[in-house]
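Naming follows writing order (A, B, C and D), and every chain is counted from residue 1.
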């Protein structure tokens, strides 16, 4: 069983020469497995993918926040995209996280990820020079990347990590660029998501950046989610989407509520280390995080286990 | 036509000796009309109420953020509650905003508002001593108020004004108090709202604090909204609620989208002055704001007018 | 021995018909004593003042942050000013904290405090309607208060409590008002303090809002401090000032360092409850805080005691 | 004329086998010159250095915030260190900014910079995974870097860019590590700086991260500054230090005041683009910034020019 997205579907929207990628569905932002020595563990990635490939996922985000992208080198990032592309079913999208602080470096990495098989690029806002990163500077950055990119670009706003909330008006302006496909917004404001859907160019696709506001996001017009939780419970996240589509709002609400605690466990509460610990408990390969991230303490690990048990995952 | 709330309905929930007030529906947080001389304009309040009483509202919040409560004296606040209670239909709830920085003063004002006819009290988080207002201190404050109050208490979290986001765990703990009826949360996180509904005592009622995330809030279990926009477009906000209840999610989404721009105009963009300007344009009495709030500039006023026109309100 | 300020001294500065109050020296922001029943404890205030009057203080701030002003009623605030004025030596300044959210209420309370004997008014920024409180609105507020006030006005910026950092350009503009005497800035940025001294009207006087950056503030031109620590260690804070004036920078630095730990104890770490606990330990009347502030836990109290001992206060 | 720091001086302090580097003096955080095509402009770096080498600077920070480090590749960063080391007088310190998000990458880059001739490493706090970067995680990161580094390590706290303010207790704990030399703190709180000097291991050296609080920092025990302004006005910044050392506090205050406006111009107001524009005006090579940074608008450039003129630099 697969998800909904696909490479050759056409969505309504801005005039483009080619069919637009559909982002409908649930995407897993893959954690990057490391060996105990700290190297990327490609065989373990393969074994994890064998499992993910069986899940109702529309595709994979490689080298996003959950992939510890800022702790990886460019070579590693490209190799990860290549590896996932080779082992993912052809109809599943592979989205490469290619954002860097520098516009030029982002363009270069995007090109390399495209060459390695990425279907689209996820480009996080630069954030270091906060006082200089005005709406104008951010728009300029994304236009340059979108102009140069051989593959469609997704905007990525992640204020909890970057301290930058990509302004609504900037998103609206960028939605008119023919190579800007949509946005992953992890800010959690359904008011902002709704305004995007309302005001952006038709065909601009909005993804919720976490499962904890997925139902609210769907209600205002988001087409899918990139959900850390989908790495361990894709069928649950997808079930929420199906209930919503079927108009079963009571069922959708129950699914949403059921997701909240396990989702917090692998995102806001324990972060990537929590996600990897949960994967280990569920028979996948989670393995260590890279420093400065720390492994969970025994007490934290126990709390993850209890949460997974209460949610019926274990 | 009236809204949904009522004084004598029973909702499922925590064991209480008496029937619980239902907060289902749309509430208008009434702006306080002032004369040009700056006094409370009671006759204009009456004329506005004649109009609001015709709208599908479940009740009124008196002396909330939109009522410029922090710019009013205690006498004015009590008189406003008394006036609204006298002129509102008996089945409509009158909720008095009785929160002060001091626990003792909050208790005293709550008692006076109850005596003046308020059905429930809306108690904003104290916020001045931010470093001392730990979760423990906030819980202690609310317990003291709820213990003393002759009427049910609603928690009120409004981080954009107070800098305090009432913690989820504190809300959950307070939901077990028999005199805590629910919460008005204006923070805009449907993730937090959903967690409240999931984890709070059954019968604890959640209200969205603004119309811009109303649909998302309903989807995760909120029962209603306190919406500034309802002062000028109650039927639109209520229509969203009806569509949602009927399971017409496409209709609900359209209503939600249609509300976003006019809602921003009377809340985040132009605040209370924007709301009052809009009321003036729509044939109600808006009148001046109290200083340090400023009246709109001509250009801002024009933007309000254009937004109302585009939304079909004018 | 007394401090340095005085009512009849003339400082260089903007053309004023009358001699300007000098703010040079150390001011104590008096905590408000309460009985166990929670009422203002005037006899205990008197006994505390007998002690403070022996200390090298230039004057007293009544109803500031340390006075729990936001937890007091207007009657209490006026009575406190009157009481302190009666019991303070004539040459000591009594500065009344008269700021309220409302401009009109601030004007009224300022007038009443002036009538009760306050020499100057300390007016904190309003802060509730943060999104509307632009630089323009804040300037407008202060101009109205300064125009109406029978006594000189001090600006008061306290971002840790209000979330509002009074903008530098606004301070500069207001410094030209003949009835704006200076500022108490608790933000802790000596860069901002230095820019004020540089750019403000000559005669505009800058007070550090806490002892922990007093030496840095003096170096860039501040004339004094309002220091919570001065309630229990005025001679230490004053000694720092004397060393600085004498050009004994090594001595001043040693004094500054010695103040840091006890200062944190009665401000950022334990707040007003910490200050009151320290006063109790030192033979003054601290007494209870008003809710929602909480008394110290036994462990916190022990930490206060240890800090006072290590600093040689006990 | 040279500054004060030196490689072979011994300062009092923690027991170390070898003499400790002295950080006393003024350091310039060198901007990285780029050609119009965007490549590092080494010949222009050389010509700039010929000028800086004549200034009273204790050394250079290469690849700090002003060096656009996050917009450079690792190869470029190492080459810049090598180039500056070759062209700087032997007695001047060359400090390489080697911080990365990943501990392992930081260790690797530090080693390469040491091999390229850096005398010390400046290691900014990682910042992306804010929720996971607890005090414990930050301390762990720095310990690992300091353990592995062949050269002494300076901590670097830059909250305006990273959103992370390295906690005081963490600094104190790290000051005991024999290979942690000191800190560059750009947060601007002299209270925190004073507490560091008070509580850290003797010999731990504190540098102000900007000239706008240099005097305040010196007063509480900082030994020097890393100042963007020193790139265009080293003698002015150094003069402040000399006045302070001579006990000429009036002179020092005048120098501090005179620095404020030009300093703001090349830091908080216009950032690196402002610094480079100022260098161009002063006959050095500023050149373009790397995107996403934007060049100044003509109006901004004019404001820089006016500020330099008013400060007497032009």
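Criterion: contacts are C-beta pairs under 8 Å (C-beta built on N, C-alpha and C of every residue); 3 or more make two chains touch, one makes a residue touch a chain.
Model, not experiment: these values are computed from the prediction.
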Centroid-based (C-alpha) most distant chain relative to subunit B: D
Averaged-CA centre spacing for the pair subunit B and subunit A, given as whole angstrom: 36
Centroid distance [mean C-alpha coordinates] between subunit D and subunit B, Å: 50
In subunit A, residues with contacts to at least two other chains: none
Pairs of chains satisfying the touch condition: A-B, A-D, B-C, C-D
Interface residues, subunit C side, partner subunit D - complex: 188-191, 194-195, 197-198, 210, 212-213, 215-217, 219-221, 244, 247, 249, 252-253, 256-257, 260-261, 264
Touching residues on subunit D, where the partner in the complex is subunit A: 38, 65, 70-73, 101-105, 126, 128-134, 136-138, 140-141, 144, 160-163, 268, 271-273, 290-294
